[in-house]
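In order of appearance the chains are A, B and C, and numbering begins at 1 in each one.
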Amino acid sequence: MIGVAPRSTRSTTLSALAAYVGGSLRGGDVPITGVAGIREAEPGQITFVANPRYVPDLARTRASAVVIAKAHATSAIARIEVDDPYYAFSRIVRWFHERPYEPGGISPHASLAPDAAVGADPTIGPFVSVGCRARLGDRVTLLSGVSVGDDVAIGDDTVVYPNVTIREGSAIGRRVILHSGVVIGSDGFGFATRNGRHEKILQIGRVVIEDDVELGANVCVDRAALGVTLIKRGTKVDNLVQIAHNVVVGEDCLIVAQAGISGSSELGRGVVLAGQVGVVGHLRIGDGAIVGAQSGVASDLAGGQVVSGSPAIPHQTWLRVQATIPTLPEMRRALKRLEARVAELEQHSSGSS
Amino acid sequence: MIGVAPRSTRSTTLSALAAYVGGSLRGGDVPITGVAGIREAEPGQITFVANPRYVPDLARTRASAVVIAKAHATSAIARIEVDDPYYAFSRIVRWFHERPYEPGGISPHASLAPDAAVGADPTIGPFVSVGCRARLGDRVTLLSGVSVGDDVAIGDDTVVYPNVTIREGSAIGRRVILHSGVVIGSDGFGFATRNGRHEKILQIGRVVIEDDVELGANVCVDRAALGVTLIKRGTKVDNLVQIAHNVVVGEDCLIVAQAGISGSSELGRGVVLAGQVGVVGHLRIGDGAIVGAQSGVASDLAGGQVVSGSPAIPHQTWLRVQATIPTLPEMRRALKRLEARVAELEQHSSGSS
Amino acid sequence: MIGVAPRSTRSTTLSALAAYVGGSLRGGDVPITGVAGIREAEPGQITFVANPRYVPDLARTRASAVVIAKAHATSAIARIEVDDPYYAFSRIVRWFHERPYEPGGISPHASLAPDAAVGADPTIGPFVSVGCRARLGDRVTLLSGVSVGDDVAIGDDTVVYPNVTIREGSAIGRRVILHSGVVIGSDGFGFATRNGRHEKILQIGRVVIEDDVELGANVCVDRAALGVTLIKRGTKVDNLVQIAHNVVVGEDCLIVAQAGISGSSELGRGVVLAGQVGVVGHLRIGDGAIVGAQSGVASDLAGGQVVSGSPAIPHQTWLRVQATIPTLPEMRRALKRLEARVAELEQHSSGSS
């Protein structure tokens, strides 16, 4: 139903796979019946090495073949040499494990508003609720416990895993993947404080998620106060990320687990936020900027910048600072000693004058 | 049903709105048909400027009027001048978009224990489960997939969004808002370790959420080990916040996304924890204290303190420290150079003695 | 049903409890009707002091007795003196509040695949979905809104709280506790980037959770890309923790709220990650290592190490560094002053030569 077969039933040869991924066959042809990690692989399976850290495992793997960069290749094993082994292997995984979409139909335990529009070949599981005037594209998958609010639109081929909430008025693109526990369209955190009390500002905007976006488990995307919270095409978001009201995330960004983006900030295209990064509100991060893990971005970042730290500074500076940090207590003592030596010199000098 | 109309059907005049919010009409009266952000507004709409950062957008907005502080006002546009434009605008948003509560009734797909007590005019969606002896006030909204445990009490006019879990024995006040994915009353993280194994300490306490509290999406509030985990009146909590067992959060606090408060800590009234803050267990934070983003609070804080950093130090000190941090490698080099110069002076001095 | 009685109906004597926990009765025998925290206790109840911070409360408690270490005991109150008061009290809590499992049966509002296998004496709540070929052990509890995917296995006596999602193929051990909002088996965050676009790598592995593991509310455990994401026996995980694909967490670890472990990292036995810790991918943390709150682990840690900071350094070094940090601006000024003094000395010295 979801398009992944956990066990492959296909088989082929290493030479056929080499042709499929456009790589060079080395070390002889062998039959291949599946894929596996380098430590778990069994005879007949193909594995890969993308991270040099795992090259030593090649000597011990039981795999029959490996996808590898030429630079790391050894003659001990049949192999496909390619420029980008991670990408080539991912295509081989897909060849073995992807299966065509099979519609599961609409569960008798689902609750759809009479005026909800459902496209062709749906998969709607039990205990799914679909609100008034919602529009689902073709081949949409909504698994058990998903809540789709009034006036929500969901594009073709989108997959929504169990217990996701999509609040009223949200628009979800095509081929989007929403993992379990995602909340889209919850109210932004907006209050006007009067005499110490916080009065709620109605959040009347909405959320738009463009095509090919993937949101990890328990990700939150708040609806805009006014206007739109927007995640653009192709962006991938890891688990437990917070995206506040009126944020705009550009195309093809990667936002790693537990990062948070505060209200009204805008990310350009291809921005990378590593894990547990925080971005304060109302700022702009330019195209292709990269923010290191646990960093805090407190001011605008130009495109292409690589920063780390909280508050974030250029990554190269941060590396040098981090090398210095553990020496701080010694620096302080050295400074004290030096002060004493200078004082002595001064006394000596004034004595000698 | 929830009380927000995403599109307004009301219209009025700028002068009427000025009177409504107690502001000064400037630049002439105009008809007003709705509200919008300064960049998205269209003719007929009113917008606002509260953050000076957006003043330049005034020259380009298509809005017909703006709510603004006198200090930022320009004569280019009809306007309402007020002391607190954010608050005034929030009232105008409410005027256009708030609508009276309309009870949705009880879905035939809900499951209520026979001895659950439901108040007047409820809205209970499909796949809602309400446990034994639960008591719901009047006009309570429980949307699809909400789980209400045994012996839970929920006050009048409280709204619980889809897929929230309220565990047994919890007490929720009036006009509380619980966003999707909230978990109230999960077991606290309590173990007694014997011979390296962690034995669970039964968590037999409960959670009390007072009136007018709002909890963001996927917030967790653990039940007390013994006694009560308590969130007092008027406190607002953003998405993905962790509140551990036996924590007490005072009235009118603001706790921003992804912050976490460890067990048994107590926050006074009006405390602000910015995003991704961590508070260790068993400490007290006084009334009105403010903790900067990503900070770690490791000891008691007196009321009114403003702190930053991990571990947190006074904010003014932290600002000076942060200005120094990037210069650390240069400081270290300067220290080395100075040591060499002093050594030379000493040699010279001893030579000259 | 879940095995906890919020109010105790049992009563006993302090002498009987002293015998039960193997402690020394001091200050006379008294009847005991229940347990409570030191500040909330009423006459007839027993409380405890494990943290010296709460010793002063002993003078004011209304409890009739206390479980306490000999070192902290006062003669003002009847007591049980033990080596580990926290552990002894937890056993007393269990004596008063634990109750035998009572099967709740299968709700008529649950949806079980015809080929799902359910063990003896189940408790399956409303709106629970159980997929094809799923196998549930004896006395399994699945509360409202739980989603169990195809081919999932769940061991005897495991409790799954409302709105948990267990994706297809996951294996859950015996006596496991999964709190509300947990997501097990969501896709790992794996993409191969080509020409700036991120192509999804099918995540064909699975998740294995061993016996006696407890996962807090809204915890996410991603399925492996290939192979297995594994949490070993006895490990306890607090709320909102992220465990990425192919991570291995050893036995008897404690992972505190909002921590995150990146892909393919391996934790040994008895590792402690404090709150909001981040661990980067592909590294190893040895048995018994302890990582302080908000720290970032960026390289392998040997067993038994205690580290803090981001990036993490030995905890003792970190303490000294933190003591120095607030003095940095003064250090910088001191350095400038010293440079000026040395320059003057040099000038004097060259003048005097």
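What to note about this one:
What we mean here is this: contacts are C-beta pairs under 8 Å (C-beta built on N, C-alpha and C of every residue); 3 or more make two chains touch, one makes a residue touch a chain.
Everything numeric here is computed off the predicted structure, so don't read it as measured data.
Taken as a contact graph, with one node per protein chain and an edge wherever two chains touch, the assembly is complete, since every chain touches every other chain. In a homomeric contact, the two copies may use the same or different surfaces; for subunit A and subunit C, under half of the interface residue numbers are shared, pointing to different surfaces. After Cα superposition, the angle needed to carry subunit A onto subunit B is 120 degrees, rounded to a multiple of 5. Between the CA-based centres of subunit A and subunit C the separation comes to 25 Å, rounded to the whole angstrom.
Among the residues of subunit A, those in touch with two or more other chains are 127, 145, 163, 181, 218, 240, 258, 276, 294, 310, 325, 328, 331, 335, 338, 342, 345, 349, 352. The residues of subunit C lying in touch with subunit B in their complex are 2, 4-6, 35-37, 39-40, 51, 53, 84, 86-87, 90, 93-94, 97-98, 107, 109, 125-127, 143-145, 161-163, 177, 179-181, 214, 216-218, 234, 236, 238-240, 252, 254, 256-258, 269-270, 275-276, 293-294, 310, 322, 325-326, 328-329, 331-332, 335, 338-339, 342, 345-346, 349, 352-353. Looking at the complex, you find that subunit B touches subunit C at residues 111, 127, 129, 145, 147, 149, 151, 163-165, 167-169, 181, 183, 186-187, 189-194, 196-204, 206, 218, 220, 222, 224-228, 240, 242, 244, 246, 258, 260, 262, 276, 278, 280, 282, 294, 296, 298, 309-311, 313, 317, 320-321, 323-325, 327-328, 331, 334-335, 338, 341-342, 345, 348-349, 352.
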